[in-house]
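Both complexes shown next keep chain A, but they swap its partner, so chain B is in the first and chain C is in the second.
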Partner chain A sequence: MKKTKVLWLSAIACNGNTHSFLNYPFMEQFLEDFEFIYHPVIDSKYSLEDIVSKEITCDILLIEGAISKEFKRADVSVVKIIEKYSKIVQKIVTVGTCATFGGIFRESGYENTSGLHFDQDKQLKEFQYLRDKTISVSGCPVHPEVLVNTLYAIKKSITLKLDNFLRPKEFYAYTVHNGCTRNEYFEYKVDNHRFGELEGCMFYDHGCQAPFTHGSCNKILWNEVNSKTRAGLSCMGCTEPTFPKRNLFSTKKNMAIPENLPVGVGKRVYLTLAGITKAFKIDRLEKKLIDD
Partner chain B sequence: MIKLIEKIEGEAKLNFNFKEGKIDFVDIEFMSTRNIENILKGKNAFDALVINPRVCGICGHAHLIATVQALESCYENLELSNKAKSIRELTLNFELIQNHFKWFYLTLFPLFGKKQEILKATYPSQLMAKAIAVFGGQYPHTSYAIVGGVVCEITHMDIIKLQHYISQTSKFVEDNLVKTDSKTFLTCKDADALLDYEGDLPDILREIKKMNLLGHGKSYDRFISFGQNSYFKKGKSLKTKVSHNISLEHVKESDIASSFAKNVSFKDEYYEVGPLARAMINKNQLIADAHKKYGDSIFSRILARVCEISKLLEHSKKLIDNLDLNEPSYIEPSMDISKLNSIGYSAVEAARGTLIHKVEIEEGIIKNYEIITPTQWNLSGGTKEKQGVSQKAMVGLDDVKTAELVFKSFDVCSVCTTH
Partner chain C sequence: MLKKKENKKELIMQAALELFASKGFYTTTIPDIAASLKMSVGNMYNYFKSKDILAKEIIKYISSYLGNKLREINEQEISTKEKTRKIVEIYFKTASLKPEMIDYFLRIYLSNREVFKDSCEGMICVNEFVTEIMIYFEEGVKCGDLREQDFFSAFGLFMGYLGGMVFLKGENILPKDLNDYIDDIAFNIYKALSAE
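Showing the complex of A and B:
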């Protein structure tokens, strides 16, 4: 089968998606099925100077990093490069949260810095004509499997169902909370979490955003072994348009109720449920998990 | 002649000036910045633990460790368990190792006319990323090191998993990089003896010899390293004279008109940082022998970087053996950060050399943040009269291709340089 040609374009980025991609476990197969006409690390037939000065045949345009017309690569504005290649490719993939929503580097000080179609959750007029071509795989960084399998879906001409931010539902219909090993502490509202322990849920005090963040982190795991919340670190909401929020290690509360509740859960129902769960006194969850 | 150097985590422009057929001066220009230091201003201090790993996709973990240490130095009497210290050191070691593999197989190989060995780069670096993820949940971009320790608790089963990742990586080194058992490589004291071994490292070293590049890429023969831990020593080395009495207050950052990168000097002199510097200050016998024979050339620089893989794997094994799982991973600071007005510093050894963070906090909010990255040290763009380390290393070379090799022997990271 013919290799699918991919242009990996970095805008205002840290290259975190590039290196996350290098953690994809079946790289050998991937490189047999895809060819980068340019990649920030992997050797390519063309140089960046070729990419910006010529028009190289290409099937998929990958954009990493926040976008501003002021930001240049090889002396050419990234917006100009995107305009040129978006015309000839079948699909555009915004890789990571910066390219999708602006992310961390939305604040980097360049003029009108944003994602390709979104400035946080605000839909942009620029590039609106490309919306039908675009798939977003947000995350800071993107999970390698989310990126690579999306590319395979494009290669196989599979029509993916997308959410309002153009993210494949197969990955982003879940919340990061799904599959977390600390779930029981959440469900039964055992709210005495301390860092450095296997036990406890970071939602109540330590800013965990997993119940209202879309992603498959705890379903497909990171590096095939773990996830931040399993390890004991709060989900920072890095797949969402609001990333990065402020005061990330503490839970914002109004009258002792977390300001952000699990997706689709109203405040009244939450309070009712919290009242019921408080009635549980589950010994196993009150003491050390692996006890003497 | 101006050449765009690509695939260095971004690009840099090198402007080569020739005189009588030889490189006389090279102007280094980095074309963009992301203003991380400004992004941090006004944010809650702990948020820096989330933002700073995003300085760099390949060495973000070093930025996390530098951040947590800088924040911790703002406190008085902050308690930290040995377990937490060792775990942080381990994950940083793993990041250094994955960097070295990527640099060797992805950056260096093509410079010797070889095909990039993508799978040889990704296989061991994925193992090291898994090892970080056991503690930190994921790699890249975890924020698992927090003020007071680390967020994770570690079990015996985690340790067993880690030991497997490490031994599998060591095996990769023995099967590919230097085809001998690790012990022989680790105790080798003769740089020339390495030329007789099989493996990807000896191949490159022989290539350097064959291409008559043995003495190329020499600079000031002046090294510095500030990041101190259970393996690396703090100090500077002038030729072979090592002293450990150095202070961060003599490190100075200065703007340059032509580039987004800032220069870094120690007592107004440029110093090389990185694996070669660390090996010289640690008095690593193999590297000392290479240095004695070939000076601070690309031969010594490349050897030092690859040799560090094995050294750090070995040291990591010891750190794991000495972990006391009964110690706490995290000790809550007695003072709330929102009450803190203070200034903190840190220096850690990242893959490419000394990384320095400085933070100023007012009532828990970041008032000012300064970052000095390793590549800034090595790639400071000096004047013709007072050249930076990599600039000087390129002077006298005949052609741009060799100059690119010398330049990239410093393992340039563009995103870090212009954070």
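Showing the complex of A and C:
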């Protein structure tokens, strides 16, 4: 089978998505099906100079990092490189939250830094003509399987249903809360958490954003074994346009009511349920799960 | 048919409320309530299986009545200061027009917790009312009118104050009509909770 040619373009980035991608467990198989015409850390046939000075045949353009006209690779503005390759590729994938929404590097000193189509949740006019070609896989970093499975879907011409931020619903229609091993504690509103421990839900006091963050972290585990919330750290909402927020380890509340409620849950519904569950004390959930 | 049964239940609760207020909770019996409605005792049990169940249904009925009034206030596009006044107003109005309701809450629900221990744990049976108070607080803090603080310190200040005034009224200690206190009390509560 012909290898799909991929260009991995780094814009204003920390290479976090590259590092995450290197943890993909079936890399050999992947590299039999895909070829990087250029990748910042994986050996490739062409150099960055070749990429910017020539027009190399390519099927998919991957963009990592936030975008600004001012930012150059091999002395050429990344915007120019994107313009050139976007014309010849079948699909563009914005890899990670910076390339999608601006993310952490939106705070960089470069002028008008943003994602390819979005500045946080604001849709941009620039590159609008490329929207139909683009798929966003947000995350800081993106989960390697989410990226790779998206690339295979493109290779096999499978149409992925996308949400309003162009993210495949297959991976982003769920919330990170889905599949969290702490759901019992969430249901009965028991926080009592200490970072790193197995017990307690971190939504009520410890800033966990999982109930309103779209992603598959608790369905497709990291390194095939774990997730932030399973390990005892709150979800930081890294797949969302609002990332990064401040005070990640405390829940913003207004007179005891969390400012951000689970997606789609109205305030009255939330409070009614909260009132009922708070009235009960479930002894099992107040104690250590494994206490020898 | 269901609607008719619901209406009848409401009539029974209203009659029970009045009897509890005048005769006291423990001395009022199911036959007393049946008699006041010219119903047979057997028929009464078709609606409420026991006095304890009736007692719990009544507190939910009151909570729902006040909750709905508060919800109407919460849904208005007015300042937190105006909402505060309207809540005080509706509470005192209810205490004047339906004194048995507030009386039941203060003298029976709060004073006979053993009756309400099963299935009325915590604030379950007054949920609708408490939810609206929470929303009033939350929206007040969010728009910057009210100071962020623990829910119960604010709730206690608000409801304790109103309950205390109605209690004084019930004891015939207040020299003036409850309505004459609305302005001052709304001012005091808002000032105590305000962010300034």
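Definition applied: the second predicted complex is superposed on the first by the 290 of 292 C-alpha atoms of A that agree within 3 Å, B and C clash if a C-alpha of one lies under 4 Å from a C-alpha of the other, contacts with A are read in each partner's own complex, and residues count from 1 in each chain.
Convention: contacts are C-beta pairs under 8 Å (C-beta built on N, C-alpha and C of every residue); 3 or more make two chains touch, one makes a residue touch a chain.
Just so you know, these numbers come straight off a predicted model, no measurement behind them.
> Does chain A have more residues touched by chain B or by chain C?
B
> Could you tell me if A:K267 is touching chain B, chain C, both of them or neither one (first, second, both, neither)?
In the superposition, A:K267 contacts chain C only.
> Taking the superposition on A as described, I'd like to know which of chain B and chain C A:D283 touches: first, second, both or neither.
Neither partner.
> Quick check for you: in the superposed arrangement, does A:D132 touch first (chain B), second (chain C), both or neither?
After superposing on A, A:D132 lies clear of both chain B and chain C.
> Touch test for A:E111: chain B only (first), chain C only (second), both, or neither?
A:E111 sits against neither chain B nor chain C.
> Under the stated touch criterion, which partner chain does A:D291 make contact with: chain B (first), chain C (second), both, or neither?
In the superposed model, A:D291 contacts neither chain B nor chain C.
> Given the touch rule stated above, what does A:K72 touch, chain B (first), chain C (second), both, or neither?
First partner only.
> Can you give me the overlap between the chain B contact set and the chain C contact set on chain A?
none
> Show which residues of chain A lie in contact with chain B when the two form their complex.
10, 12-20, 22-25, 27-28, 31, 40-43, 47-49, 71-75, 104-105, 107-109, 140-141, 194-198, 217, 222-233, 236, 238, 244, 246-249, 290
> Inside the complex, what are the residues of chain B that reach chain A?
These residues of chain B touch chain A: 4, 6-7, 9-11, 31-36, 38-39, 43-44, 46-47, 49-51, 53-58, 60, 84, 102, 106, 110, 115-116, 118-119, 121-122, 125-126, 129-130, 132-144, 146, 148-153, 155, 161, 328-330, 332, 415.
> Please output the residues of chain C touching chain A within their complex, sorted ascending.
The touching residues are 121-124, 127-128, 130-131, 134-135, 137-142, 146, 148-151, 154.
> Under the definition above, what is the set of chain A residues touching chain C in their complex?
So the residues of chain A in touch with chain C come to 253-257, 259, 267-268, 271-272, 275-276, 278-280.
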